[in-house]
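Each of the next two complexes has subunit A plus one more chain, namely subunit B in the first and subunit C in the second.
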Partner chain A sequence: MNPFRVAVAVARKDLRSEWRTRELVPALAQFVILALLIGNFGFQIDSRNAASIAPGILWLALVFAGLVAFGRAFAAEREQASLEAMLMTPASPVAVFAGKAAAAFGLLLLCEAVMLPALSLFFGTPLSIEVVAAVVLASVGMAALGCLFAAIVARVRARELLLPLLTLPLWIPFIIAGGSAVQSAMGLPGNYQEAIGLLIDFDILFLVLTSLAARFVLDE
Partner chain B sequence: MNRYEKAAGGAVALMLLAAGAIFLYAPGDYLHGPVQRIFYLHVSSAITAFGCFAVVLIGGIVYLRNESPSADRIARAGALVGVVFTTVTLVMGMLWAKPVWGAYWVWDARLTSTLVLWIIYAGYLLVRRLAEPGRQSARFAAVVGIFGFADVPVVYFSVSWWNTHHPGPLIINNALPPEMLATFLFTMLCTLVLAGVMIGVRYRIETLLDGRHGVTERAHVVASRRPEASPEPVP
Partner chain C sequence: MSILVADGLTHWFGRELALEGVDLVLDTGEHMAVLGDNGAGKTTLLRILATALRPTAGWLQLAGLDAFRERRRLRHYLGYVAHSPGLYPALTAAENLEFFCDLHDVSRSRVAEVLETVGLTQAADRRADRLSRGMQQRLAIGRAILHEPKLLFFDEPDASLGADAGDMLMRIMEGRTVVLATHDHALANRLCARTLILRHGRSLGTATHLRVVK
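== the complex of A and B ==
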């Protein structure tokens, strides 16, 4: 079986089931809008300080939206016990994992497509290609790590507790580099090129590590 | 007195000797005064904690290769002892930082990455507590241990690319007077012995716990036998 085709099929299946139910993306969109609203009340934002506060709110909202999205990635499979069925087919577990991670990444992108314009609308920060590139590059690695740990906690008690505890510390490199890239793209001091380079390095590193580890997490 | 009690007594005696060396033998520091004596235990416990997490990493890799329950037990023991020594490192460092830097905490590369290290392995211990004991929990924990070990240099690098305050490596740079170096090496040795004994005792406890849960060398694929998993009796 061609692993690439397996991954595409799994991703299409997840996206189609999301398209039919339309549960997660509207909830995530509403969640990030609420996060921006809370940020506004927590910080007293005006046109002078918006550029220094908006990147922080962006990353907080993105990180927590990501946790919700990846937590749901394996929820349906767990409820229907369909993951075991998928793993009993000759498809390689790594390909199944890659498909699930790609679908979760796609859903996170949809949520970013709501969040970034909303951020720009509410806080008046520029919505430039630099900001979008930094957020998308960080989402790649975050999706790989988030899906791996979502697969781990899917079979553990108290999974809602454990997913943030395991995932957030491992996301810190992406938040450091991505935060710095978004700050410099919004006009604060910082080296944009270097931060983007770091994000690409982290993406490659964690994509390789998660694809090595996926076999041990899913192969049961 | 069994051999575990003897080993623990020996390790405590060694630590008391190290305390004697730190407070009586080592010379005082001209610039920082008595607070510099924190350095000996702080650096020793940091290196020991890294050693413990290396034990977790190796235990995890061995477990993923051959599913040996003893490799998993030693990883569990290493994680617990490592978290204890990381806590010691963080607390000692904060006590040192208040008079020297003027604040208990700064967002420096080493401080941030040590805090992340502590959080990751505290999460590792939580996975062990929340997952059903047995093969699956051990596999998941091995993956968490490997990612934790890989993440720390990455966090360290990314924060140091940002900013750093922490003093550089004094020992490698040969910047210590001989009495200080001797005290440091002795403290380092005693701390390593203490950690070794703690891992040994914990390994024994984990073996006994595994016996209770039915994880033995021969049958390591086990149906979970948690008391709380049994159905509630009908009143």
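== the complex of A and C ==
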């Protein structure tokens, strides 16, 4: 059995379901716009301080949007009682996990496609390729970790409470490195290359660790 | 030849005993019904036999393999219809089956054949959430036989099905070893040569044919 084919099938199924129901992306897009709007009105933004405030608002909105997106990845399967059927097949649990994480990452990318231009519009910060690269790279590792914990908490009742408690501490490295990369891309002092290098290292580390853990989480 | 051998299957949900020391031997091609009141342990037994749930104690061998050590290898042999259909509501009937073809590594050409077997050819392009409960159940049965398993576990497959359910199930069960949990004694007698009766998680023994006494 080809694990790549399984992962593609799982991701395609999740994205197709989202395309037809439009349950998550419009709500997430609305959420990030509102978060940026609140940030815009909550702070006295001018051309001098926009670059130092905007990255903080960006990461706050991204983290909470990610928690919602990744939380739904497995909660929906549990509610529909479809996860058991999927895991009763000979497909590798790691491939199933990879497909779910890829779909959740794709949904977060759609959300970022709304958020980054909105950030630029509200805060007047540059929308550069460097900013986009930092946000996308951070989202890769965040998706892997978020989906792993979403799979763990999906079977408990207080999952909405547990998911942030488990996930946020492990997202801190991405927020620190990603925040530093976005700040330097917006013209504040900092080493952009170093921050991007760290993000790539974290992505590789957490992709490997979550793939190893997924087998045990999904198999039982 | 025995395709299923279970010895002392016991399961606790926390402090609640759901199944206690159930022994079972099933020969290839045999059909067995599991009867019992609500909460008797039918679903727990079926989930354990289908390797969806690991028992607290006991031992299970399927097709000559240790069911829990070789769980992944056994997936090719097993088909399981759970109590809830567990379909993807936004996908059509055909798309639901195509997805499981990919997971089972089975050609998608099998979908049309299976839809015909379960009587859903006309509903192939209808979304699963727009199918009636009975049609959803048929689709779940179709999903369980996509990969042509030798062993089938049915948890109340007749729930919400129409009058022709017995005939359809009989066609599907032909040539396969089947364990079927149901409340319907007449259906159990019609489809299965043997019956296992559970009460409060304990086996009251097996019988070849039941006579329903009112």
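Heads up, the rule we're going with is that the second predicted complex is superposed on the first by the 220 of 220 C-alpha atoms of A that agree within 3 Å, B and C clash if a C-alpha of one lies under 4 Å from a C-alpha of the other, contacts with A are read in each partner's own complex, and residues count from 1 in each chain.
The definition used in the following text is that a residue touches a chain if its C-beta (ideal position, glycine included) is under 8 Å from a C-beta of that chain, and two chains touch if they have at least 3 such contacts.
Just so it is clear, the structure is predicted and the values come from calculations on it, not from any experiment.
**Student:** May I ask you to decide whether A:198 touches subunit B, subunit C, both, or neither, giving the answer as first, second, both or neither?
**Tutor:** First partner only.
**Student:** Which partner chains sit in contact with A:157 here, subunit B, subunit C, both or neither? Use first/second/both/neither.
**Tutor:** So A:157 only meets subunit B here.
**Student:** Applying the document's definition of touch, where does A:180 land relative to subunit B and subunit C: first, second, both, or neither?
**Tutor:** It touches subunit B, and subunit C stays clear.
**Student:** Where does A:1 make contact in the superposed view: on subunit B (first), on subunit C (second), on both, or on neither?
**Tutor:** Touch status of A:1: second partner only.
**Student:** Just checking: does A:49 make contact with subunit B only, subunit C only, both, or neither of them? Give me first, second, both or neither.
**Tutor:** In the superposition, A:49 contacts neither subunit B nor subunit C.
**Student:** After lining up the shared chain so the two structures overlap, which partner does A:30 touch, if you call subunit B first and subunit C second: first, second, both or neither?
**Tutor:** neither
**Student:** By residue count, which of the two partners contacts subunit A more extensively, subunit B or subunit C?
**Tutor:** More residues of subunit A are touched by B.
**Student:** Can you give me the overlap between the subunit B contact set and the subunit C contact set on subunit A?
**Tutor:** On subunit A, the overlap between the subunit B and subunit C contacts is residues 220.
**Student:** Quick one: in the complex, what on subunit A touches subunit B?
**Tutor:** For this pair, the touching residues of subunit A are 145, 148-149, 152, 155-158, 161-162, 165-166, 168-170, 172-173, 176-177, 180, 194, 198, 202, 205, 209, 213, 216-217, 220.
**Student:** Quick check on the complex: what are the subunit C residues that touch subunit A?
**Tutor:** Listed in rising order, the residues of subunit C that touch subunit A are 50-52, 54, 72-73, 75-76, 78, 80, 82, 84-91, 95, 99-100, 102-105, 127, 140, 143, 147.
**Student:** Taking the touch rule as given, give the residues of subunit B at its contact with subunit A in the complex, in rising order.
**Tutor:** 64, 112, 116, 119-120, 122-123, 126-127, 130-132, 136-137, 139-140, 142-144, 146-148, 150-151, 154-155, 158-159, 161-162
**Student:** Can you check the complex and tell me which residues of subunit A touch subunit C?
**Tutor:** Those in contact with subunit C are residues 1-2, 5-6, 9, 13, 16-17, 20-21, 80-86, 88-91, 96, 220.
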